[in-house]
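Shared between the two complexes below is chain A, which pairs with chain B and chain C, respectively.
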Partner chain A sequence: MADSPFDDAFAGLGGASAQRRAAYDRFRSLGLPSRRQEDWKYTDLAGLDRARLAPAATGPAVSAPVAGLDGPLLVLTNGRVDADASRMGDLPAGLEIVTDGEPASTGADNALAALNAAFAPQAVHVRVADGAAIDRPLQLLYRVTDADACAAHVRVRVALGARAALTLVERFEGDASAYWQNQVLDVAGETGSTLIHALFQAEGPRSVHSGLTRVALAGGARYRRFDLQTGAEIARNEVHVAATEAGAHADIRVAQMARAGQSLDTRSYLDHRVADTTSDQGARAVVDAQGRTAFQGKVHVARDAQRTDAQQQSKAILLDETAEANTKPELEIYADDVVCAHGATVGQLDAAALFYLVQRGLPLAEAKALLIEAFVADLFGDLDDDTLRDAFVAAAQVWFGKEPS
Partner chain B sequence: MAATAETREQVDEATGDYKYGFVTEIESDFAPKGLNEDIVRFISEKKGEPQWMLDWRLKAYRAWLKMTEPQWAMLDIPPIDYQDAYYYAAPKQQGDGPKSLDEVDPELLRTYEKLGIPLEEQKVLAGVEGAPKVAVDAVFDSVSVATTFRAELEKAGVIFMSISEAIREYPDLVRKYLGSVVPIRDNFFACLNSAVFSDGTFVYIPEGVRCPMELSTYFRINAENTGQFERTLIVADAGSYVSYLEGCTAPQRDENQLHAAVVELVALDDAEIKYSTVQNWYPGDKDGKGGIYNFVTKRGLCKGKRSKISWTQVETGSAITWKYPSCVLQGDESVGEFYSVAVTNNRQQADTGTKMIHQGRNTRSRIISKGISAGRSNNTYRGLVRVQAGASGVRNFTQCDSLLMGDQCGAHTVPYIESRNPGAQIEHEATTSKISEDQMFYCLQRGLDEEAAVEMVVNGFAKEVMQQLPMEFAVEAQKLLGISLEGSVG
Partner chain C sequence: MLKIDDLHVSVDGTEIIKGLSLEVKPGEVHAIMGPNGAGKSTLASTLAGRDAYEVTAGSVHYAGKDLLALAPHERAGEGIFLGFQYPVEIPGVSNLNFLRTALNAQRRYRGEPELNGADFMKLAKDKAKDLEMSLDMLKRFVNVGFSGGEKKRNEMVQMAVLDPKLAILDETDSGLDIDALKTVSQGINALRGSDRAILLITHYQRLLDYVVPDHVHVLADGRIVRSGGKDLAHELEAQGYAAAVA
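Let's turn to the complex of A and B:
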């Protein structure tokens, strides 16, 4: 096998464990994804192996948790837990957070996950005890600073016991250095559990962000994802949900806002493996000059997964002649008694609505901002937590330069 | 509603034995098996082609050697040995070729008769006052054996002949447009076709002419182990209109047969081409043995302003279908349409759909796709709607619905939507469902038997597409849907 630029970085780890070695070998056999692979049509990682591969050193902590949210806060700076910046005292009963130094698993058939398993300095384990409903959100803040040409690999595992409930808020951010942050999040939801997952991707403007979320849901378990992507130069997110027992349900809500030079790509894979499971996906994209988004939403219904109900809606708005939006709502169905539908639209801001607002005295820029805000906010409407919902709207406002109200 | 054993048997009867599966005994003038430059030269020589055509073929052949088969389709294709097939087979004939129907091998005519193809019947048709006239350029194992109505078409200035003849008689026209829509290197199968195409059809409609009749070609694969490589080129000059019908059946075979056709359409300013297909090739038996491999590249170029190309297809046959009739909407305000019904049963696999490439301003496209899966088959809609940066005012509407009959089949949808213009308005809808118990109950309760009820629901499901078919085809297509699906309801 030809040399990989990653080899030196891996050798630099020194005395890597057998597990890390296996994961690295896995990565080497898979290679970095390329646009020639159908799933990677819209994201180009070609530059990744030339720059951004040395493990990031520990940098100074800067903490900016989601405004107005209290509850425990765990900060990872440049891929490592930053105890000083974190707020981990007084954890609610039933919530346990453990950090260890040895990420498990090789990453299966995912090259970036394999690389993550080889390089991630730590793994964070979040456990919620059976029957525990955690009433305050847990915040995870992933922050990269001073990390030119470096990579931060973060690995998190969330295990929800039977009937457990948790709200997990993740925020990715960084400075203007040209870094790569690569996260793998594994979620296991036991019978009747609920995970509300709010994700803010606000990485630095020259960064590459990649995220893989793998969710396995037992009977009646629910996974609800609210995801706003505004940062990074190149972002690629994958969400895999396996509904493994009857009654499992997943909601995926993802809004991607891209402007000059940004390429944001989200791929979902909703795997309905057994009968009587449901999913609902909603995607929004707002694309300004020279930005690009892609939403590739896939629903897979296994043989015998009867009475699956899988819905998918994707909407994109282009704000400029040089913007690009791509959508690929995919269905792969092997059972006949199912209700699966998808709808997709691509267009521009509604001219009539714009006219209405301008005619009532609103400056054009403000009118546009208002419509965009409504378009994005609509996606987070069924998020019960007011503070979180406001935080999403505020983050969207920041994107188009408005002071958060 | 569970299908009764009796119904299952009826399905087997209806679909297990291919109605049109018989072999016509005609001597063929084969080229030796296999593919190399000599075979390409042999084909070109057999057809008395000019040097430029041979050069074109050789260029394609050399390019093809460096290409690999596309792997992205949701198809399970057994390895194909391209050296284990004949690339040229023509019915034996005396002299220079038949001057009239009387000179056509009666065996051939009988074959068409059995298929219900109106080569003989057309005279009757022509005699009937007010009856629509259908001209047939019959392709029997690669070579045109009869072209009819040419006189009347000539009067209108329409050129309708086999592409071999056209290469000899209208070399400038053919040379100008051949490969202009589907370039030699477009894809593996189109490239192969460019090297070895045996025959096909050429149509030219002159400026301002509305073709006086619907043009029709029947394809039929006959000789064992003969790949079919049809090449069709239709050019509609400014302000003209033509409706073209393509339909085909094939005799039953155990050996898989390769088919890689290329169809190119060019519509100039204000011209309109309507291209309708009923594809009913041998799909293989109920265990997936035999059947045609159908790898087709069909593409239309709306070159002129306000031009229009409309594809309608009813796909019920073939073991493997790989086919994406597409429109490149280059002229401002041009229109592309795609209407498709694809039925798969038993072990059939279909990966079919369309591409609408919007390049011109105010271009519009409409895609209606209905996929019906039964048995152990897999049916995939794969489509692309792309709006290029300069194409403002674009409109697209796509609807692709899947109907599943039975719990052992698969229905898949893979649409790509790529927009680079804020003025474009693109809408896409897709649904997947089965025939509901309510629908069946309603029909049965009104005295219809299960078969009739299914046929009715399916025809209703496919109605939007069937309505687009010309009269001549609509009846055959409805019959085909019925035959393909009788009793498949689960």
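Let's turn to the complex of A and C:
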């Protein structure tokens, strides 16, 4: 195999374990994904080959949790747990958080996951005990600072016991350095468990963000994802959900807001493996001049997965002629008794609504912002937590440069 | 207060308003009547500043200012309110949020302090009550799921809260049953005052029994072809536009 620019970075780790070595070899045989692959049509990672390889050094601690949330907070700065910035005392009963220095390499058929397994300095394990309903959200804040040409690999595992419930809030952010943050999140939901997953991707303006979420749901387990992508120059997210027992349900809500030079790409894989499972995907994109988004939603229904109900809706608003929103539902259905609906629209802001607003006194920019805010907020309408819903609206307002109200 | 002089307006290159002149003084209510397609809504949209409406000749002065030089939100700030013939639905924005944002935008424009949440709520609730709109409806998204009559009533609530100097009401009476028509008329009459003016665009004489105009104009094919007092409306109702215009 030809040399890879990643080799030096890996050698730089010094004395890597056999497990990391195996993960790295796996990455080397898979190679970086390229745009020639159908799944990667909209994201170009070629630049990572030449830069952003070295593991990021520990950066200064910064703590900026989501406004209004006062639950436990775990901060990872440049890929490492930052105990000083975290707020982990007095965890609610039934919630356990352990940090491990040797991330286990699991199911690395994915090049970026393999690279993550080779490089991630630590893995965070979150466990919720059987029957425990954690009433305060757990916040994970991933921050990258002062990390030009560096990569931060973070790895998190969330295991929910039977009938357990957790709200997990993740926020990715960073400064203006040209870094790469690469996360792998594995979720295992036991029978009857619920994970509400709120994700704010607000990485720095020159960064590359990649996120891989793999979810396995047992009988009656629910995974509800509310995801707002506003940051990074290049963002690529994959959400894989395997519904492995009857009654499993996934809601995926993804809002992407892209401006000049940003490329935000989310790919979902909803795998309905058995009968009587359901999923509902909603994607919204707001794209300004020279921005680009892609949402590719894939639904796979196995031959025996009768009575699957899989819905998918995607809507995009283009604010300029040079904006680009790509949306592509992909249905692979092998069962005959299923309900799988999908719809996609791409349009502009409603001119009649804009005129209505300006006639009532709103300056045009404010009128546009209000309509876009409503368009995004609508997607998060079935998130029950008011504080989180407000936080999403505030994050959308930040995208406009408006002071959060 | 409003002086329109030889106005010509084109939409998509087609001339719709073809030399219209009209003067409205403070305290007056003018009714503009006319057949479908005459250009009534085009005139209203032009005064409010909708961008597809291109003024090719003529002038409009409002309160001594060149109205056509102002952006739509500035015209609103100067006190111009357009009651829409077809009010727009805005999913995701509540009536209350919409109204408060609009009112405070206008107050900012005029250099007045913004209204705080409590004061605004009191104002909005009072005005909604006058017009028989429930708090529940105020909390709903703007016009979403409203009946035709509810939408028109909502326009009147907005007008009452925003308290304009010049209200241009485009067929606010159409689609209303008789009870709603009375309620809406009360809303319009409540706005009358010596320093304000109202331009009532209507298709039927019915509304004018409740809101009695000082002047009635007939708009046909982009021009005002007849003007008169309130009796003109009755004549039109009895004889039809064709006879009145001939």
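In this text, the second predicted complex is superposed on the first by the 403 of 405 C-alpha atoms of A that agree within 3 Å, B and C clash if a C-alpha of one lies under 4 Å from a C-alpha of the other, contacts with A are read in each partner's own complex, and residues count from 1 in each chain.
Here, a contact is a pair of C-beta atoms (placed from the backbone, for glycine too) under 8 Å apart; a residue touches a chain by one contact, two chains touch by 3 or more.
This structure is a prediction, so every number in the text was calculated from the model and none was measured.
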item: Combined model on chain A: chain C and chain B, fit or clash; value: fit
item: Chain B versus chain C as contact partner of A:322, first or second or both or neither; value: first
item: Which superposed partner A:3 touches (first chain B, second chain C, both, neither); value: neither
item: Chain C, chain A and chain B - angle at the middle CA centre, rounded to the nearest 10 degrees; value: 80
item: Touched partner set for A:38, first chain B, second chain C, both or neither; value: first
item: Which of chain B and chain C A:362 touches, first, second, both or neither; value: second
item: Which of chain B and chain C A:90 touches, first, second, both or neither; value: neither
item: Touched partner set for A:378, first chain B, second chain C, both or neither; value: second
item: Residue contacts on chain A - larger count, chain B or chain C; value: B
item: Minimal inter-chain CA distance - chain C and chain B, angstrom; value: 14
item: List of chain B residues in touch with chain A within their complex; value: 72, 74, 387, 389, 402, 404-434, 490
item: Interface residues, chain A side, partner chain C - complex; value: 350, 352-353, 355-364, 366-367, 370-371, 373-375, 377-378
item: Residue ranges of chain C touching chain A (in the complex, touch as defined); value: 48-51, 71-73, 75-77, 81-82, 84, 87-93, 98-99, 101-103, 105-106, 109, 158, 162
item: Chain A residues within the chain B interface of the complex; value: 38, 303-304, 306, 316-348
